[in-house]
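My structure is below; once you've seen it, I'll send some questions.
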């Protein structure tokens, strides 16, 4: 299948997809198909699989390529599929990349290996990775709470200038609003070639980030259609409309932004929306208890009540 | 002045106070007085000074006691004043505690020293501190993002059972909702004596936390009157009213929850509200740039617009 | 092959084995065989493979089981083989354990997953792992510089009392001398059932640790015959003889104790001793440069000069 | 007193001095005087006070200046005295620096504030500090195990080129041998102006580091006269003589290299040598127990036995 490769023009919402499991922990192909259909109906511009939210480190290499094939086949070229390939060894990164590009992925996502400290070490790492992956387009994931690796804008500029396969910055440093502004400004000042900026962190600052120059979001919020509309309204010049919609969902967005248990909240929300058959995560992984379930129900009920008082659409859930 | 000491019955909102500086970085007594008056008008149940938000580590011992005296005198016994006394050495903790209790503080706040890892080390530390401080009431600050120290509920139970001077848990582990539920449940199950639970983290989950058993909040949100009302509505059985009010302010609460720069946002907001003469922090410390200022203005404008469409009061700012 | 399983009576030196690669990074079976023969000739009491030093995270599952099979077959039951099975997901731990036990391993080594903080979390983790692994004997690796997880003696006591499959503590907390003493003392005081204590950290404190109650060492020093003799002399009551021998090698032991590059030093030393065909590590991994090579040569030359002035044997290298 | 200021020509051994306390924790002036005399008799090239080993964070500002005055007066200009001034706030750094330079210190030592991550942040920090301190000569302490801040050679080069008050690198990254080589080589290649390199980490790799271009050591080993002689022999071209002497003391050097408890070992050793009246550290701080004491005694006895078999001098202790 001739899939368009990722490039620096990416905009809109790339949904970070969970990896659906059955209640006994096996890969759930039927839920995977429904999930792909769901995301496409939401209007996403792309899909990202096998990231932190995809529990990638708990899959065997065979499961990883299997899950990728299922998604890519179902997407059938309608949007690009990005695959997380971060791993401790370069061999694993290279071999998973080769597999998923062969399957039809549009590019891969790489976060710096844990333990990298100085600019010099980080740059050395990405040079090594990019050398190994040839011309495969790469999303550079800048997510210090997960990686423990911190990257400055000057260093990111050097990386994007030196390594042509880097095309998207997944921006989720926190706090990172000023960093985003500076990264974009350096591009306008010709200190760096064009890069797409897609924001993560559950989209918690999406309206602010769009105004500061983000091109979109790459995140796993369980109502991705809302982020799609926020981006669309912003692009249409309706900043307040975008933020009104966003703010209506902010209590939930905030609620999902709990490290660890956030994944279980998202999977459960997708289950309630009819997308996943099971909210299960693989051990050791989070699960909701009765209090969490009631709390989530209440937040969703309040959301619907609030939306009914507006002209905004009320989701079925 | 006969100040009532802190105890485990504490409820409501304890405002975490910034330390006001003039534009050239000196202690600003006039702003301190205005700030105390402001907080009392907001209806806070107490004040907490010289914490992380008070830039305590950038004050000399003389400045610390001076700032404390100014606040305590202005409060004049109307609410309890808690003073952060965390320091690398036990001598400093002991001597600052003696000074501030002598001045009229109602108790002190202690967070575990950086570098403590195991339950055994943490327990040893608090036993040592409590031994040194005698019967001074203590707020145990559980704030891993700042301390790097992680505390489980079973260990907190042991600490509160063993050390009678511990009376309040400042709960700001994150994610920590389930932890709060468990801590409260263990009390109901007689696994621990009564302790007050006041939540931090900018109050980002305050409605959820109140329903899970929190007694109030201890945090530095620059609209403390709102947190006071949220707590009051919750206490009056109006959970939805509490959360409606909270959600209206959530975009700002979320915005302040940026580590580091959040302090500058709070000081600037208090400056705009007429409380502080200057938003200055001491070096090395954060400051807002033009983009941040415009962003904050926009968030406040949107808040007022939103409130005008409701029966809720619109703040003057 | 009926291999004796690991148990709490383990003593002596378990050599932590590197994973031999050819110059182009493939598994090197011939070197693996030579390495096994070498260790057995050194008199080791056991072998540990696929640990940090074995670059386990850079091997595919097939390579891991292949490397294990090669070692186990070559050992042919003469000493127990322990296999590191730490992984982010429980599935991977369970499946690798099943494979290597089927191949003939005597037990597995597990270090706590990164990110565990409190005693409660760590205990929960090991209960989960032990439940999953049934009666497979387990070496609990206590190596905070690698895991970031810190364990107190009281918690280790609870773990070993509660989980009968834990049989050996690989002790390499640092500084950890007092911890070792306390762990052993608690056993003598019947606060814990018997456990074997094998020390790591390159053996840097081996004489001290033997006197404090260690049963032996589990480490990757490239002259394992020396550690074997140190343990033997100690066991024979010749503490000074043990320490004299140890001290003669201390400059090299110290030199290998450099995190990261230490692995390259060990592999190069084993290459010079005729054990490995190549000192290569897998990317991203350390390699010696000309300065390092000269420095290592000098240290080895000085060692030989020093030994020639004594009655101690001079190694061929 | 006209004290010669620190500059980039520094060589030899700067002793990192403990802060002597009496058994009840007060500053011990008599021991301080004896300690100064002792270090000068050892032949040190300078003294460094109020560092990590000096328990600086447990002293009040008055105690810090008092301790500094006592040392500077006793030294009476014979060698330069360097004072650690690291603190969370710039005000404290500036004011302590002003005080100690006024007293007669030859320069100050600064380590980067905890929490600095990227090259950009670290450079910004040192620019701010150097701006604040004017032309006071500065030792840049590069000690990641204590600071959590990691610095690359290219960034150090930029710092030393940009900031003329930086004159000495206290090098104690670990492993750091290659870093030292590169830092020196960049100087020879005119990528950086001259800087003195004094090594820390207890001197554990001193002979290797001298051969790689270090100018000396700045460390707290309790037999500083040995490090002085090692440096002198190296400078005289007798590399093997230097290393023979070093290796004889290596078991003790290694033993002191235990983070935390190492300070108690050093203070106790200095007590036994008649320098300090008490080995006490301030709470929370380490203390030796009976096992530790016996272990230290044994190591010292073995050292003396070993030295008696050589032409090397046997210390009185």
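In order of appearance the chains are A, B, C and D, and numbering begins at 1 in each one.
FYI, a contact is a pair of C-beta atoms (placed from the backbone, for glycine too) under 8 Å apart; a residue touches a chain by one contact, two chains touch by 3 or more.
Note that the coordinates shown come from a computational prediction; the quantities given were computed from them, not determined experimentally.
K.L.:
What are the mutual neighbours of chain B and chain C in this structure?
P.N.:
Of all the chains present, those in contact with both chain B and chain C are A, D.
K.L.:
Among all chains, whose Cα centre is located farthest from the one for chain C?
P.N.:
That would be chain B.
K.L.:
Per the centroid of Cα atoms for each chain, what is the distance between chain A and chain B, given in Å?
P.N.:
That gives a centre separation of 34 Å.
K.L.:
Centroid from C-alpha atoms only, then distance chain A to chain C, rounded to Å. What do you get?
P.N.:
39
K.L.:
Suppose each chain is reduced to the average of its Cα coordinates; what separation in Å results between chain A and chain D?
P.N.:
So the centre of chain A lies 47 Å away from the centre of chain D.
K.L.:
Do you know which chain D residues sit against two or more other chains?
P.N.:
In chain D, no residue touches two or more other chains.
K.L.:
Considering the complex alone, what residue numbers of chain A touch chain C?
P.N.:
Residues in contact with chain C: 25, 55, 57-61, 87-92, 95, 113, 125, 128, 132, 282-284.
K.L.:
Hey, which residues of chain D end up touching chain C in the complex?
P.N.:
Touching chain C from chain D are residues 174-175, 177-178, 181, 204-205, 208, 211-212, 240, 243, 247, 250-251, 254-255, 258-262, 289, 291-292, 295, 302, 306.
K.L.:
Which part of chain C faces chain B closely enough to touch in the complex?
P.N.:
Within the complex, chain C touches chain B at residues 117-121, 144, 150-155.
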